[in-house]
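Next up is a structure, given as C-alpha cells.
The letters A, B, C, D, E, F, G, H, I and J name the chains in turn, as written, and every chain counts its residues from 1.
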Amino acid sequence: MTTQSIGGKPTAQPTKTLETFENPNQARDFHIHMEIPEFTCLCPKTGQPDFAIIYLDYIPDQTCVELKSLKLYMWSFRDEGCFHEAVTNTILDDLIAATQPKFMRVTAKFYVRGGVFTNVVAEHRKAGWQPLPRVELTQFESQSNIRG
Amino acid sequence: MTTQSIGGKPTAQPTKTLETFENPNQARDFHIHMEIPEFTCLCPKTGQPDFAIIYLDYIPDQTCVELKSLKLYMWSFRDEGCFHEAVTNTILDDLIAATQPKFMRVTAKFYVRGGVFTNVVAEHRKAGWQPLPRVELTQFESQSNIRG
Amino acid sequence: MTTQSIGGKPTAQPTKTLETFENPNQARDFHIHMEIPEFTCLCPKTGQPDFAIIYLDYIPDQTCVELKSLKLYMWSFRDEGCFHEAVTNTILDDLIAATQPKFMRVTAKFYVRGGVFTNVVAEHRKAGWQPLPRVELTQFESQSNIRG
Amino acid sequence: MTTQSIGGKPTAQPTKTLETFENPNQARDFHIHMEIPEFTCLCPKTGQPDFAIIYLDYIPDQTCVELKSLKLYMWSFRDEGCFHEAVTNTILDDLIAATQPKFMRVTAKFYVRGGVFTNVVAEHRKAGWQPLPRVELTQFESQSNIRG
Amino acid sequence: MTTQSIGGKPTAQPTKTLETFENPNQARDFHIHMEIPEFTCLCPKTGQPDFAIIYLDYIPDQTCVELKSLKLYMWSFRDEGCFHEAVTNTILDDLIAATQPKFMRVTAKFYVRGGVFTNVVAEHRKAGWQPLPRVELTQFESQSNIRG
Amino acid sequence: MTTQSIGGKPTAQPTKTLETFENPNQARDFHIHMEIPEFTCLCPKTGQPDFAIIYLDYIPDQTCVELKSLKLYMWSFRDEGCFHEAVTNTILDDLIAATQPKFMRVTAKFYVRGGVFTNVVAEHRKAGWQPLPRVELTQFESQSNIRG
Amino acid sequence: MTTQSIGGKPTAQPTKTLETFENPNQARDFHIHMEIPEFTCLCPKTGQPDFAIIYLDYIPDQTCVELKSLKLYMWSFRDEGCFHEAVTNTILDDLIAATQPKFMRVTAKFYVRGGVFTNVVAEHRKAGWQPLPRVELTQFESQSNIRG
Amino acid sequence: MTTQSIGGKPTAQPTKTLETFENPNQARDFHIHMEIPEFTCLCPKTGQPDFAIIYLDYIPDQTCVELKSLKLYMWSFRDEGCFHEAVTNTILDDLIAATQPKFMRVTAKFYVRGGVFTNVVAEHRKAGWQPLPRVELTQFESQSNIRG
Amino acid sequence: MTTQSIGGKPTAQPTKTLETFENPNQARDFHIHMEIPEFTCLCPKTGQPDFAIIYLDYIPDQTCVELKSLKLYMWSFRDEGCFHEAVTNTILDDLIAATQPKFMRVTAKFYVRGGVFTNVVAEHRKAGWQPLPRVELTQFESQSNIRG
Amino acid sequence: MTTQSIGGKPTAQPTKTLETFENPNQARDFHIHMEIPEFTCLCPKTGQPDFAIIYLDYIPDQTCVELKSLKLYMWSFRDEGCFHEAVTNTILDDLIAATQPKFMRVTAKFYVRGGVFTNVVAEHRKAGWQPLPRVELTQFESQSNIRG
C-alpha cells in the first residue's frame, strides 16, 4: 500500500514568507537566474490541478531571495485557485515586496490546457534604475561534459 | 467500425466570437504567449485541407483573450477556404477587435505544400504605445525535469 | 476577408478507396515507411476536432499503396467521429484489405487531450509469413546536410 | 489577488476508480501508450510535495482504461504520502485490477531529490500470454511538421 | 527497372517567370518566411551537381510571390552552372524584380564542398522604407505536439 | 548573371559503372556505412524533380565500393524517371552486382510529396552467409568535440 | 569573501555505509534507475580531481538502496585516489554487498582526460536469477510538458 | 580496492594564483570564451559538496589568463565553503585582479539544490572602455562533422 | 597494412597563399559564412597536436576568398606551433590581407585541453564602413527535409 | 606571428606502442568505452589530410589499454597515408595485439569526402568467449545537470 498518512513531524511547511539574505556584492549589477519546476495550483473554475514551471531572473539590490524559502513559497499555491495570468503577476508582486530588486522578471510556463499552451512573462524595474548597455558577444551553446 | 455519427449534444461549437476577461494587472505591461497547434482550414483553390500551428504573443491592455473561446475560434476555420497570407492577417484582425491589446503578434507556421514551407508573421501596436526598452539578460535554455 | 466559398471544381475528393500499384520487387522482403502528419477527425463524444500523426510501416507482397490515394483516404476521416484505439485499428484493417501485405504496422500519435498523450500501435502479419532474422548493425544518426 | 476559494461546483473529483471501455479489437494484440505528465504526491517522510511523470504501456485484453478517469485517478495521489518504488507498483496493481490486460508496463520518472534522479519501471503479464515475436524494422525518428 | 523515359505530358515546366498575387494586407508590414529545400544546380567549373537549401524572408509591398511558381523557378537552375555567391544574389535580384518588396532576404545554405560549408545571405530594402522598431519579447521554442 | 554554359572539359561524368577495390580485411566481417545526401531524380509521372538521401550499410566480401564512383553513380539518376520503391531496389541490385557483398542494406529517405514522407529500406544477404550473433553493449551517444 | 570555514554542525557526513529499506514488491521483478551526477574523486597518479556521472540500474530482491545514503556514499570518494575502471567495479561491489540485488548495472561516465572520454559499465546477476524475456514495444521519446 | 593514498609527488597543486601571458593582439578587441566544467566547492551551511560549471567570457587588454593556472585556481575552491551568489562574484574579482581586462563576464551554473536550479552572471567593464557596436549577422548553428 | 608512403604526385600542397575571385555583386553588402572543420596545428609548448573548427563570416568588398585555397591555407598550419589566441588573430590578419573585406569575423573553437574548452572570436571592420541597421525578423529554425 | 618552431624538449612523442595495465576485475566481464576525437591521417592517393573520430568498445581480459598511450598511438597516424577501411582494421589489430581482449569493437567515423560520409565498424571476439545474454532494461537518456 503506497498511501499512508504523513508520519511524525513534517520537516517544513508551505509559507507565503519569502526569506532573504544580504546581497554579497551590492556595488555590482549582477544577474541571478532560478528555475523552480515544481509549481502546482488549482484551476479556480474547475478545482482541478494546474501545473507550471516558474523561472525567476533578477538583479538584486540589497537582498537576495533565499532558495529554500522560495521553494516553500511555491508550495503555498498547491491548494489555491489561480488563473494563469494573475498568479504570475502575484508571484512577481510578492518577490518584489520581499527583495526590492533593481530588476526582476517572472516567467511561468503552464502545462497544456484544452490543447493550448500558455506562458506568461511579467517584469519590474526599480524607479530610476537603468540597465548597463548590454555587451553583445558571440554566444556558445553548452554541451554535456560526458559522452553518452 | 470507428466511424459513427456524432451522438447526443455536442459540448461546444466552433465560433467566431472571441471571449475575453479583465486583465488582472492593467498597470503592468506583461507578455502572454499562447500556442494553438490544432489549426486546419481548406485550400481555396483545391478544397483540400491545410494545416498550421498558430502562435499568439501579446501585451494585453484592458482585456485578455479567454483560452477556451480562442480554441473554438480556431476551430471555426475548419470548413473555410483560406490563403496562408490572408488568414494570418484575419486572425490578427479578429484578435485585435476582441481585445484591443497594446501589442499583438500572430505567427502561423503552415505544413509543407509543394515541397515549400511557409510561415507568416503579422503584428499590431496600439497607437501611441511604446514598449519599455528591453532589459537584455543572459538567456538559459530549459531542459527536462526528469531523466530519460 | 480570408474566408471564402470554395470556387470552381475541387481537384480531389476525400475517399475510402485506397489505390495500389504493383510491387516492383516482389521477390524481396523490403520495408516501406510513410508518415502522414495531417490526420484529423472528430471526437465521437463531444464532436470537437481531434488530431494525430499517422505512421505506416509495411512489407508489401504483390501491391503497394499509392501515396496520393493514401492522402485522400486520411482526409476521409475529417468529418467522422472516431475513438483513438478504434480508428487506428480501422486504418490498419482498410490498408490490409487494399494491399494484403506480408507485414504492416500502423502507429497513431494523437495530440494531447485532458493533459494526457495517447499513442496506439497495431500490426498485422500475413498467415505463414516469417520475417528474416534481423541483421543488427551499428546504427548511425543522420544530421543536416547543411550548416545552420 | 490570485488566490481564491474554489467557486461553485467542481467539474470533477479525484478518484481511485478507473473506468474502462470495451476493447474495440480484442482479436489483435495492439499496444496503447499513454503519458500523464501531471503526477504529484507527498513525501511520506517530510510531507513535502513530490513530482513525477507517469508512462503507461499496455496490450489490452477485453477492456481499455478510459482517459479521463485515468487523469482523475492520478489526481487522487495529490494529498497522499508515497514512496517512489511503492507508488509505481501500486499504480500498476490498480490498473491491472481495473483492466486485466495481456501486458502492462508502468514507468515513473521522478523529479530530482537530493541531487539524485530516480525512475521506476514495473510490469505485468497475464498468465499464459506470450508476446508475438517482434518484427524488427529500421526505425525513423519523427520531426516537426513545420519549420521553426 | 527504375529508369524510364518520362511518359505523357509533364504537369509543369521549370521557368524563370515568378508569378505573384496581390498582397492581402498592404497596410501592414508583415513577414513571410519560405523554405525551399530542393535546390540543385551545376558547378560551373566541373559540371558536377551542387545542392543547397534556399530560405526567403520578405515583407511584401503590393504583391506576394506565388508558391508554385517559386518552386518552378528554383527548378530552372537544375541544368545551369552557378557559383555560390553569384546565384544567391541572382535569386534575390529576380525576386525583387517580380515582387518589388519592402524588404527581402535570401539565405542559401550549400552542401559541403572540399570539407567546407558555405552559406550566403543577401538582402534588399526598398528605397525609403524603414522597419518598425522591433518589439523584443521573450522567445519560446516550439516542440512536437505529440509524444515520441 | 549566375547562369553560364559549362566551360571547358568537365572533370567527371555521371556513370552507371560502380568501381571497386579489394577488401583490405577479407577474413573479418566488418561493417561499412556510407551516406550520400545528394540524390535527385525525376518523377516518372510528372517529370518534376524528386530528392532523397541514400544510406548504404554493407559487410564486404572480396571487394568494397569506391567512394568517388559511388558518387558518380548516384549522379546518373539525375535525368531519369524513378518511382521511390523501384529506384531503391535498383540501387541495391546494382551495388550487389558490383560488389557481391556478404550483406547489404540500402535506405532511401525521400523528400515530402503531397504532405507524405516516404522511406524505403531494401537488403540482401549472400547465400549461406550468417551474421555473427550481435554482442549487445551499452550504447553511448556522441556529442560535439567543441563548445558552441 | 566567498571562502569561509564551515560553521556549526554539518548536517551530514560522507559514509561508506549504504542504507537500505525493504523492497515494497518482492514478488515482482521491477527496475530502479538512479542517476547521481555529483561524483568526484582524485586521480591516483597526479592527485588532481576527476569527475564522473554515475548511473545505477537494478532489479531489487529483498532490499532497495536508500537515496540519501547513496548520495553520502558517493561523497565518500571525494578525497580518495581512484582509477576509472577500478572505482566503477568497487561501487558495484559495495552496492551488491549492501542490497544483494537480482540484477545490478553501474555505468560511470568520466569527464574528458587527455582529449579522451571514458565510460565504464559493470554488472552483476544473482546466481540462478534469470530475466523475464523482454516484451519489445514501440518506444516513444518524451518531450517537455511546456513550450519554450 | 579502488581507494588508495596518493602516491609520489602530485604533478600540480590547487592555487589562488592566476598566471597570465601577454595578449598577442593588443590592438584588437577580441573575445575569449572558456568553459570550466569541473568546479566543486562546499555548502557553507551544511558542509556538503556543491557543483557548478563556470563560463568565462572576456576581452583581454594587456594579458590573457593562462589555461592551466585557471584550472588549478578552480580546484582551489574544492574544500572551501561558498555561497552561489558570492563565489561567482569572487571568481570575477580574482580574474579582474589578475588580468585587468577590458571586459569580463563570469557565468556560473550550479547543480540543482532543493529542486531549484540557480545560475549567476556577473560582469565587469574597464573604466572608459566601450564595446564596438555589434555587427549583427545571420547566425548559423554548428553540427557534427561526422554522421552518427 | 594501412600505412604507406604517399605514392605519385600529390594533387595539392598546403599553402599560405589565399586565392580570391571577383565579388559578383559589389554594390550590395552581403554576408558569406564558411565553416572549415578540419583545422589542426601543434601546441608550441609540448609539440602535441591541437584541433579546432574555424568559422569565417565576412562581407566582401571587391574580392571573395576562393574555397579550395582556403582549405589549403588551413592545411598549412598542420606542422606549425600555434597558441589558441594568437593563431585566431593570424588567420584573420591573413584573410584581411588577401581580401580587404568590408567586415570579417573569425571564430575558432578549440578541442578541450586540461578539461577546459576555449573559443576565440576576432573581427575586423574596414575603415569608414558601417553596417546597415539590421532588420530584425522572427527567426525560424530549420529541420531535416526527410524523416528519420 | 602564430607560427613558431617547437621550442625545448617535446613532452611526448607519437608511438605505435600501446601500453597496458592490469585489469582490476578480471573475474567480471565489464565494458570500457573510449572516444578519441582527435584522429587525423593523410589520404594515400592525394596526400591531403583526412580526419575521423575513433570509438573503442571492449571487454578486457587480463589487461586494459592505458589512456595516454592510446592518445599517442592515435597521433602516430598523423603523417601516414591510410585508406578508411584499412586503417580501421589496423587500429583494431594493434589493440588486439596489445590487450588480447575478450571482445573489442573499433568504430571510425570519417569526415565527409566528395559529399559522402563513411563510417567503418570492425570487431573481434576471443576464441571461445561468449557474451553473457544481455539483460534488456528500459533505457533512459541523460540530460545536462545544469540549466542553460
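Following the convention adopted for this analysis, contacts are C-beta pairs under 8 Å (C-beta built on N, C-alpha and C of every residue); 3 or more make two chains touch, one makes a residue touch a chain.
Not measured: the values here are computed from a predicted model.
S.K.: Going only through chains that touch each other, how many steps at minimum separate chain D from chain G?
M.R.: Minimal hop count between chain D and chain G: 1.
S.K.: Spell out the chains that contact chain C while also contacting chain G.
M.R.: Looking at chain G and chain C together, the chains touching each of them are A, B, D, E, F, H, I, J.
S.K.: Any chance you could name the chains that touch chain F and chain H both?
M.R.: Under the touch definition, chain F and chain H have A, B, C, D, E, G, I, J as mutual neighbours.
S.K.: Have a look at F-H, C-G or A-H and name the one that copies the D-G interface, over half of its contact pairs being the same.
M.R.: Answer for D-G: the repeating interface is A-H.
S.K.: Just the number, please: Cα centre separation of chain E and chain H in whole Å.
M.R.: Each chain's C-alpha centroid was found; their separation is 43 Å.
S.K.: How many Å are there between the centre of chain A and the centre of chain J, using C-alpha atoms for each centre?
M.R.: 46
S.K.: Got the chain I residues that touch at least 2 other chains?
M.R.: Expected reply: 2, 24, 31, 33, 35, 37-38, 51, 53, 83, 86, 89, 109, 111-113, 115, 117, 119, 121, 137-138, 140-142, 144-148.
S.K.: Building nodes from the protein chains and edges from chain pairs that touch, which of line, ring, star, complete or other describes the result?
M.R.: Here the contact pattern is complete, since every chain touches every other one.
S.K.: Any idea which chain I residues touch chain F in the complex?
M.R.: That would be residues 2, 24, 51-53, 109-112, 117, 119, 145-148 of chain I.
S.K.: In the complex, go through chain G and note every residue touching chain D.
M.R.: 23-25, 28, 30-38, 60, 64, 67-68, 70-71, 132, 135-138, 140-142, 145
S.K.: What residues on chain F touch chain B, complex-wise?
M.R.: 111-113, 115
S.K.: What residues of chain H sit close enough to touch chain C in their complex?
M.R.: Interface residues on the chain H side: 138-144, 147-148.
S.K.: Using the touch definition up top, name the residues of chain F that touch chain D in the complex.
M.R.: 107, 109, 119, 121
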